[in-house]
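The structure appears below as structure tokens.
As written, the chains take the letters A, B, C and D, and residue 1 is the first residue of each chain.
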Amino acid sequence: MKRVAVFTSGGDAPGMNACIRAVVRGGLHYGLEMFGIIRGYNGMIKGDIIPLNSQSVSNIVQRGGTILKSARSKEFMTPEGRKKGYDQLKAHGIDGLIAIGGNGTFTGAEIFFNEFQIPTVGAPGTIDNDLYGTDYTIGFDTAVNTALDAIDKIRDTADSHDRIFFIEVMGRDSGYIAMQSGISGGAESILIPEERQTVEDVVSVLKAGFDRKKSSSIVIVAEGDEEGHAAEVAEKIKATIDVPVDIRVTNLGHIQRGGSPTAYDRILSSRLGLGALEGLLNGQKNVMAGIVNDELIYTPFHDTITKKKLINSDLLRMASILR
Amino acid sequence: MKRVAVFTSGGDAPGMNACIRAVVRGGLHYGLEMFGIIRGYNGMIKGDIIPLNSQSVSNIVQRGGTILKSARSKEFMTPEGRKKGYDQLKAHGIDGLIAIGGNGTFTGAEIFFNEFQIPTVGAPGTIDNDLYGTDYTIGFDTAVNTALDAIDKIRDTADSHDRIFFIEVMGRDSGYIAMQSGISGGAESILIPEERQTVEDVVSVLKAGFDRKKSSSIVIVAEGDEEGHAAEVAEKIKATIDVPVDIRVTNLGHIQRGGSPTAYDRILSSRLGLGALEGLLNGQKNVMAGIVNDELIYTPFHDTITKKKLINSDLLRMASILR
Amino acid sequence: MKRVAVFTSGGDAPGMNACIRAVVRGGLHYGLEMFGIIRGYNGMIKGDIIPLNSQSVSNIVQRGGTILKSARSKEFMTPEGRKKGYDQLKAHGIDGLIAIGGNGTFTGAEIFFNEFQIPTVGAPGTIDNDLYGTDYTIGFDTAVNTALDAIDKIRDTADSHDRIFFIEVMGRDSGYIAMQSGISGGAESILIPEERQTVEDVVSVLKAGFDRKKSSSIVIVAEGDEEGHAAEVAEKIKATIDVPVDIRVTNLGHIQRGGSPTAYDRILSSRLGLGALEGLLNGQKNVMAGIVNDELIYTPFHDTITKKKLINSDLLRMASILR
Amino acid sequence: MKRVAVFTSGGDAPGMNACIRAVVRGGLHYGLEMFGIIRGYNGMIKGDIIPLNSQSVSNIVQRGGTILKSARSKEFMTPEGRKKGYDQLKAHGIDGLIAIGGNGTFTGAEIFFNEFQIPTVGAPGTIDNDLYGTDYTIGFDTAVNTALDAIDKIRDTADSHDRIFFIEVMGRDSGYIAMQSGISGGAESILIPEERQTVEDVVSVLKAGFDRKKSSSIVIVAEGDEEGHAAEVAEKIKATIDVPVDIRVTNLGHIQRGGSPTAYDRILSSRLGLGALEGLLNGQKNVMAGIVNDELIYTPFHDTITKKKLINSDLLRMASILR
């Protein structure tokens, strides 16, 4: 292997730049020529491929977003699109790929390998932490701390006005951000897709709080919760609860994707980037690099896509004791 | 004057605690007995009035929210409610009030004085900076920096994905937060209630950006803008613009009210609190303490309520040059 | 067991309050009466012991420092001191202790148990992460992020002025803070007590940077490095290096101990607090609760004191590739 | 005037990039060709001069440091050095300069104009806020907030351990950072060069605090205070005070120069940059743009260099009441 290209795909996540830096500097360390593909599979199809040296990735370890930009590509889902991508890679002499992204990205990479035999190793880049094969994903720790900072701020207002706040955080299929930001933010209740919690359950927790003279409460709702979005949950609660309360709803939204990555995310991203590159060099393909119990492992794309990562139920038990 | 009570009323704002501290320590310095009323006029009516000493306000200068809690009071809008409030103040021997709040608060204070001759001096506590008689209000600088921090984060994502983001910030009748967070965040367009900007204006700015190869843009919308909320504005733009763009909307919401106050807000709040207290001691009443051109001044409640604070149009001119 | 007291001892660490909250709410959940001892062993000797209920620990999960205060106690190192402490515990009916602190704290607890049979379970509270028996200690993640934030700021100046900065971080016997803040901050060189790195090594790294046109560099020095403090190391380098460079030194100092804990630290502290409490209830004594590979374990005080925690040498290898 | 160059000189300050952006986009708006000089007067002498367009200053409004780099130049203090600089400017066709820096920078610019008639307008770039002719300088608000954040963190530790902390902040000839960070941080005592405060004064304040049961105290020392650096002051206090206290010293150091600028600094920097550019276009020379009472004014370099900016003594009076 002589020329390796790295790209980011899917939603951006803080730490992607640290990961790119590790891939590039790692590759240069091992004597490879390194390239970057702009805007993921779209850029591959268009041949938007640039050489990267050590200075190209200077001073980016601390930056949010991705210097290689990201996009979702419909064209790459078609055989014609993938053929164009392959032709561009050939034209640039690329013989290996590092894909930083999530399941959609890895699905594409696997099909692409089956068709054209260019191997890809993935790094898990998504704030949702919903990928099987790694304890944590790139951007998750930063997203949780961003959500937590917002929860801390909102509690100031909740306390000052004796209010119940429903705060929606990201996580379409996964309650990880909700759970970790909720526990660390001292939330009274946390609604996540992984656990069935009814409106009645929430009401009984809130009432128990009133009985203990809690004057304000925070309920965290993961965007993918089956009881609906925070606004819907709040409406249901308002209709059910029989004490007068002042209820507000806020959706933290896109701030959760941005910002300078935390120390944890920068180190994780660096390890995953270097690990993916070294895996590729050692003949790995169709696998995602992950860190499990502080050890680097490689998990087949097939497993990261089909297997479900479980939430630590001990944390949920703890949350109910500490509130 | 021997016994003075301080209270916070209306929406909470970062710096209210620093202001309370200044009122209390200032009062003790001048030999007064100091009291705090919990939950604004509601607490006055219920007699929820507590003595405050120097230690009561220790270690609060850095805290968001208000240790005295805040509320809006319907009962105080009735003569019966105000009579109850007066009786409670008499029972506690209170002969002067410091009200930290906005126009609703000051309107109540003026009527109350006319009926019962207990003088009030106000301090401008609102993040919106919409009060005539002071260059800045308590909490405004913190709210702007909170909004700016969010804009910086969102720009990471906007840049990574070539998106246009519509970000709604607080300010029902005032574009101050929008203008200052928008200029400092490098927004391409800023929509505020004080200035008529049509959807066509925004579209032409966005198009000019495309022509200059800007791949992402930020539009800041004050919640009180006459073109509607950010989501509505975004819909209108989407329907008007004739190039394919990826548009997202986010509402920053309640995070703008909370958080530890900035240095500016702590100093401003301290000056306003001490200034209000010293004004009351010097015979002022029915006035709000303010800082204009770095000088302490007192403005009649009547003026703070009826006069409109103008936005610095030179800043708007600058914004259009710098984008 | 009916009455349990919790205390903090040794240097304070962000997350101690979250840990206290978990101990107290956990104890109440299991039907215990809970107490707090003020200022560690000193408070035990003086009988500075207060009852704690659920509200006592409200709104502290986000606060740095420790509401129970901390101190080092010389008197508790004497048999007379410990006897006084025992008498006070007896007087309050305390039959179990939770000690949040480091090795000094645990050494005292073990001797105390041998003399008076009051069992203690410990929680690892120190920013240095130098305790055997847990992957991370309370406050470590926050301290690393605080140091990282400072490094990011200093890099702005280093870049603008083409300077080499020597930055000293905490860690008397441990290079954990140096290593993690250094890697995440993109430092060119990291000096830690665990690894012998000579002045010549550092000079050769810096020179290699110059050759690659790096105009600024950051060197992180753990306070316990055997080459000396940052100022000494900088002097040695200045005397050795034969190119003209502008060298500056800064010691991050006590800011590393304070601040609101990160999400990670709040969750870790909560798990350790609840885990210590549940261990005590289940008959554990003379052990420290720790989290290893995401599992709660208990390690005898004897081991936490005598065994040396190793630094992950893979991270050091990575640092040398990525710089 | 057709071609204008901008440069940064002296110590870097957060907001310099926002100022550069305003100068460049302002110049382009008025039809000028814009250039940047790298490393201040040194770059001018070497001809390190690059063209700047609108995209050159994209995405820098939020960055600390200066993309044009900064340096102090000994060679420019000589007639030969300045002649070289002039020749380079001529070679590039530069007929006007914008200098972002402090008094050293402006002194050079004035001499340069007298010799070669190339006009310069200055913008006040220094965190110290020690320039006559503007209420605030670029970077001051950010530096104060950085110092404040550190003070807040240190107070966590001071409170937890009942300690007195001496914290040294920047400001060689000016107590502005000390005063504003000290007041907003709730410091018990603030030592600044502008006001004679003896060790005895500090001791009496600290003792009064003990009498009111304050268990911890913060003393802020400006680096230029005549009682010496924080470590010396602490030693003198330790030798004078007759109660047992635990005293610690920390010097905040270079973190005060870096970081993303606050909203205030970004707006101020933008106004000063655009104002300097518009002044130059309107025939101003040998003047510094400043904002006084929210109005743009121009002050002759001579005055900014020779006149002393006074500290607001009302703030000092307030500090002594509120502590």
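Operating definition for what follows: contacts are C-beta pairs under 8 Å (C-beta built on N, C-alpha and C of every residue); 3 or more make two chains touch, one makes a residue touch a chain.
For clarity, every value in this text was computed on a predicted model and none was experimentally measured.
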Item to check | chain C reached from chain A - shortest hop count over touching chains | outcome: 1
Item to check | Partner chains shared by chain A and chain B (touch criterion as defined above) | outcome: none
Next on the checklist: Centre to centre, using CA atoms, which chain is the farthest one from chain B?
Outcome noted: C
Checklist entry - Centre to centre, by mean C-alpha position, how many angstrom separate chain B and chain C? => result 40
Item to check | Euclidean distance of C-alpha centroids - chain B vs chain D, Å | outcome: 29
Checklist entry - What is the distance, in whole Å, between the centres of chain C and chain D, each centre taken as the mean of its C-alpha atoms? => result 35
Next on the checklist: Among all residues of chain B, which ones touch two or more of the remaining chains?
Outcome noted: 152, 155, 159
Checklist entry - Given which chains touch which, is the overall layout a line, a ring, a star, complete, or other? => result ring
Checklist entry - For this entry, which pairs of chains touch? => result A-B, A-C, B-D, C-D
Checklist entry - Which residues, counting only chain A, touch chain B once they are in their complex? => result 8, 12, 14, 39, 63-66, 69-71, 146, 150, 152-157, 159-162, 165, 248, 250-255, 257-259
Checklist entry - In the complex formed with chain C, which residues of chain A make contact? => result 18, 21-22, 25-26, 29, 54-55, 58-59, 61-62, 135, 141, 144-145, 148, 152, 155, 159, 180-181, 183-186, 212-214, 260, 262-264, 266-267, 270-271, 274, 293-294, 312, 315, 318, 321-322
